[in-house]
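Next, two complexes with chain A in common: one pairs it with chain B, the other with chain C.
Entry: the complex of A and B
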């Protein structure tokens, strides 16, 4: 058979089929149900649940999504994703309006936010450019070092970061007659950004850039032997992930209206890793599931433990045990457990020959 | 040096591949010593030699997987000695690996698509390819050429060994290759699969030259016009297949004593 033989043009699939190929969620009733529940959430949840549980989950989920993109598709475990988000949050407070008038420049939010996003993306890309020279555990060490350095720097720098007190009463956007930090508008802002990030990652995973990243994960040497500049691809992945993390940082500073070194501590950096791993780093939905579990445990484990007569502050013990269990029994997190359960329920002949590239 | 070797290396500036004094050291061990080879465009050559003769190291130096310790490498007249691998690939060099180097987490189609994308523009494209994307058509015809259409949506990790070897070849033929390095493409293939491999190699367009490392003489000598024998990291003999086969020294060293 000749190599120059032209492939016969396949029959054009119907529009619905093409849509389903681009967005596999379309054929999944569970995805529709989740989307509907998220959209009508303000009708069923009070302000506490809306913000403290769901908005917080989505913000942490976006941060963990940026790690999932790097680790799941690129094979690069970065522990600085929370640091990039925190940097972005600090920049919103520094360039925008806050209670610390001696530090904040007082720019309107529509100037301060793009500035924060640009600076945080640049910061993460630079960190990535350092990290891509290493592999495996050394990537983890370099990104952890960047996170730790940033934490101690914010603690000690008073000129910009206001030391250990941080920056308080950060202003949030008000326009079109809406206070966008009021519970319901803010929930929808967070939901919109989370949906945008989720679908962007999902879409990219099948675009040449995302496919090449998965190729780099599986076999960097072969990627170079196919004409790819592997390190440039890795740095570009850091740039994208940094932008996603920076978006989460903006939402976080609007959520708490303050930012201090406590929010960028090394422990918090590791929380993002735990969230992503517990949820599962093979699919973009994993980080959001992990974030929901984390937030629910953090919020309710205290009461639960007290009711059992234990010290409420031991909720981290529960998270740690859950983390251990997941790592032992399901290397691809909760979604991995779910997928295996689904497959065991299905007749063997019905099993697909592997997903289309989700790795 | 005999006349054939002179003729083979006298092509000079018009060479597809020209190595001058290439040496590669691993610590104190010289994997390649002063290797000088010239290959014409479109020439098909076998590199023979026992294990440790330096054949794969030679390939790694040519593609840039390891840079040579000294010497120069020219590809179609251009000095590529200090180029990273991807720059050499973009100029039309290709290779396969002795142990399949594929992307096990991706489908067959995605593997081949990446190979096509790697040697064209838009490697960083954020847009998914449409149904009429030219590279998707190129991908489909390559998949068909190596008889993998039936499994194109399967993950590579699930493929049989023979299919992985065929995919390995498909990755090296993406785009517009000008020169290909085949590192033991027949390793582990069944007799039928070997016949298919010979068919694929002999049906390559005449302008695509290649070097093939192959222990199976039935495969190697049917698909090449010249042979280079290596021994202990040096060029030992160069010549036509029949000359090399009948050379007493070569027989003593390599072919003698019931080779595999």
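Entry: the complex of A and C
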């Protein structure tokens, strides 16, 4: 194996080597296969699978990716990522065009979306600035409290958030003669944003900022002694993660064309954590795997349970038990299980950890 | 106390003035101008009493939460589920036997047993892994919530108040004076006052047990440094189990109280988990007096807020939390 590797490096000059170091996917055939399948998905899947399964998976995956970035590289488990996404979705509905004309300002989408992204990023950064005053489990509690406060606030506030009915029939963009909410264009929009976020996280994790952030995660006192501003790095991480979550929020409101407090409930906030943890929070691919499992379970668990002769409403029980099992037996979600299985298949490999680490 | 006044004379003065104004608002007959500006005195007093008694309920839930955290560094996010479980148990007992007091005892014992099982089966296996324990409690709360939804359905339950506690009583607080010169007294539900008194008694008893007994000394030592405590020969695992059982049992008792005060339904577990989170963040993690102060502040803010600024009541609670985090991140009464 090392022979072929050396030969390839010898044939191609330093550029390829550098590329491969920056983007390890280049040398991974599985990554190319997944990318190809995702690109030709509209040829394989019909509208239901395309939107209800794959687009929803990607949107939830982006939200969980923002949590993974904070938890995996920054060591900060934030439960408010869904709240930031929900805030951004609400802002799209409030500034853009919707069925609730008394609330929506009716801006065109290319004004409303940047506004929503900016406001949601600011909101998330403020929440992050609050959360970094504490550490570890306190962060979970404070972000959970922020998420819950936002949920109750949207329920009570009628002037902006329209109470528990939420904002309905949100307009989706039409331009260049394309209805971007039609199944196939929307799928590609979601796919493009997901790929952008994935590679941004991947890149950032190798950039100086990401490395410093991982240093802060592992030993904040030593990083502070080295002259890094620990809190500034953490708040910056929150800002980046908030932007990613805000992008997911925009896609989500376009997907469902409505937003209501039910979408930002505490249970939904915890679902994002479950997705990230089940998938694995050490790699950017983990959240997407977790989201796929979650969406498949959510969509098909009912039929599956009924077919087994059980009560179909026990879907959350299944999710909760699965989550418990993952947390009990693997600290790194499905990815961790997969890696451990591969290692047990190849006991003589001399590289522990199954290849590239996250830094 | 006097040292505090010497160190912060301005704050002490402001606090004294605030207390004086509050006492005047409670005991004096309001002049007509004030009633026009802020509304009837009866409404104010009712909101005040509701806030204080709700604070008593929050204290019951949050004190178990903060006790468990203080000793074991374990954020038990399934605490709300224990609350709801206790409430359902209390409802079942009080409807089948008709005894309100028995429902408290059974709810305490059963939730304490659940707590023992949790500590022995789950948390002992992953001691010292804070984050993993928290994740497990999240998973458990989802499983518990769904199991309880399965068993009890989505209906609202209310525990029947016993006959000897039904009905309001007159408090010696004048709300208004009739044109004939006859004073009108505040009428307030007896059951809420009794429950509040009981939670004060429980709080004082806990404080005494923690500060005046041997087991309390062990627990306090464990909060400070559990490794050294274990090294001195104390059977720390037994202490953990006892504290977890007691904290869980308190949540169960609070569930019965909440089922009598308000109602039980799916979703209440999350509500009370959030309430205890905010209470202990404001009061200070691991501190019983902090939980009492935090519960009082949050209960008052919620009730007064829902009367005077109805759409933004939750924001007031949240702002208090933000303020505390900004000024004193460790909580108002935390030592560290």
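Here is the rule we use: the second predicted complex is superposed on the first by the 336 of 359 C-alpha atoms of A that agree within 3 Å, B and C clash if a C-alpha of one lies under 4 Å from a C-alpha of the other, contacts with A are read in each partner's own complex, and residues count from 1 in each chain.
Here, contacts are C-beta pairs under 8 Å (C-beta built on N, C-alpha and C of every residue); 3 or more make two chains touch, one makes a residue touch a chain.
Since we're looking at a predicted model, the values are computed, not measured.
Colleague: Could you say whether A:270 touches chain B, chain C, both of them, or neither, answering first, second, both or neither?
Modeller: In the superposition, A:270 touches chain C alone.
Colleague: First (chain B), second (chain C), both or neither: which does A:226 touch?
Modeller: After superposition on chain A, A:226 lies in contact with chain B alone.
Colleague: Which partner does A:207 contact after superposing on A: first (chain B), second (chain C), both, neither?
Modeller: Only chain B is touched by A:207; chain C is not.
Colleague: Contacts for A:236 in the overlay, against chain B (first) and chain C (second): which applies, first, second, both or neither?
Modeller: Touch status of A:236: first partner only.
Colleague: Please work out whether A:77 is in contact with chain B alone, chain C alone, both, or neither, and reply first, second, both or neither.
Modeller: second
Colleague: So, A:193: does it touch chain B (first), chain C (second), both, or neither?
Modeller: In the superposition, A:193 contacts neither chain B nor chain C.
Colleague: With both complexes superposed on chain A, which partner does A:149 reach: first (chain B), second (chain C), both or neither?
Modeller: second
Colleague: Shared contact residues on chain A for chain B and chain C?
Modeller: Correct list for chain A: none, the interfaces share no residue.
Colleague: In their complex, what parts of chain A are in touch with chain C?
Modeller: On the chain A side, the touching residues are 77, 130, 133-134, 136-138, 140-142, 144-146, 148-149, 152-153, 156-159, 266-267, 270, 273-274, 277, 311, 313-314, 316-317, 319-321, 323-324, 327-328, 331.
Colleague: Within the complex, which stretch of chain A touches chain B?
Modeller: 1-7, 9-10, 12-13, 18, 22, 203-204, 206-209, 211-212, 214-215, 217-219, 221-230, 233, 236, 353-354, 356-357, 359
Colleague: Spell out the part of chain B that touches chain A in their complex, as residue ranges.
Modeller: Listed in rising order, the residues are 63, 65, 84-86, 89-90, 94-95, 97, 101-107, 110-111, 113-115, 117-119, 122-129, 131, 137, 140-142, 144-145, 147, 153-155, 158, 171, 173-175, 199-200, 203-205.
Colleague: Given the complex with chain A, which residues does chain C contribute to the contact?
Modeller: Result: residues 73, 75, 77, 130-132, 134-136, 138-140, 142-143, 145-147, 150, 270, 274, 277-278, 281, 285, 310-315, 317-318, 321-322, 325-326, 329 of chain C touch chain A.
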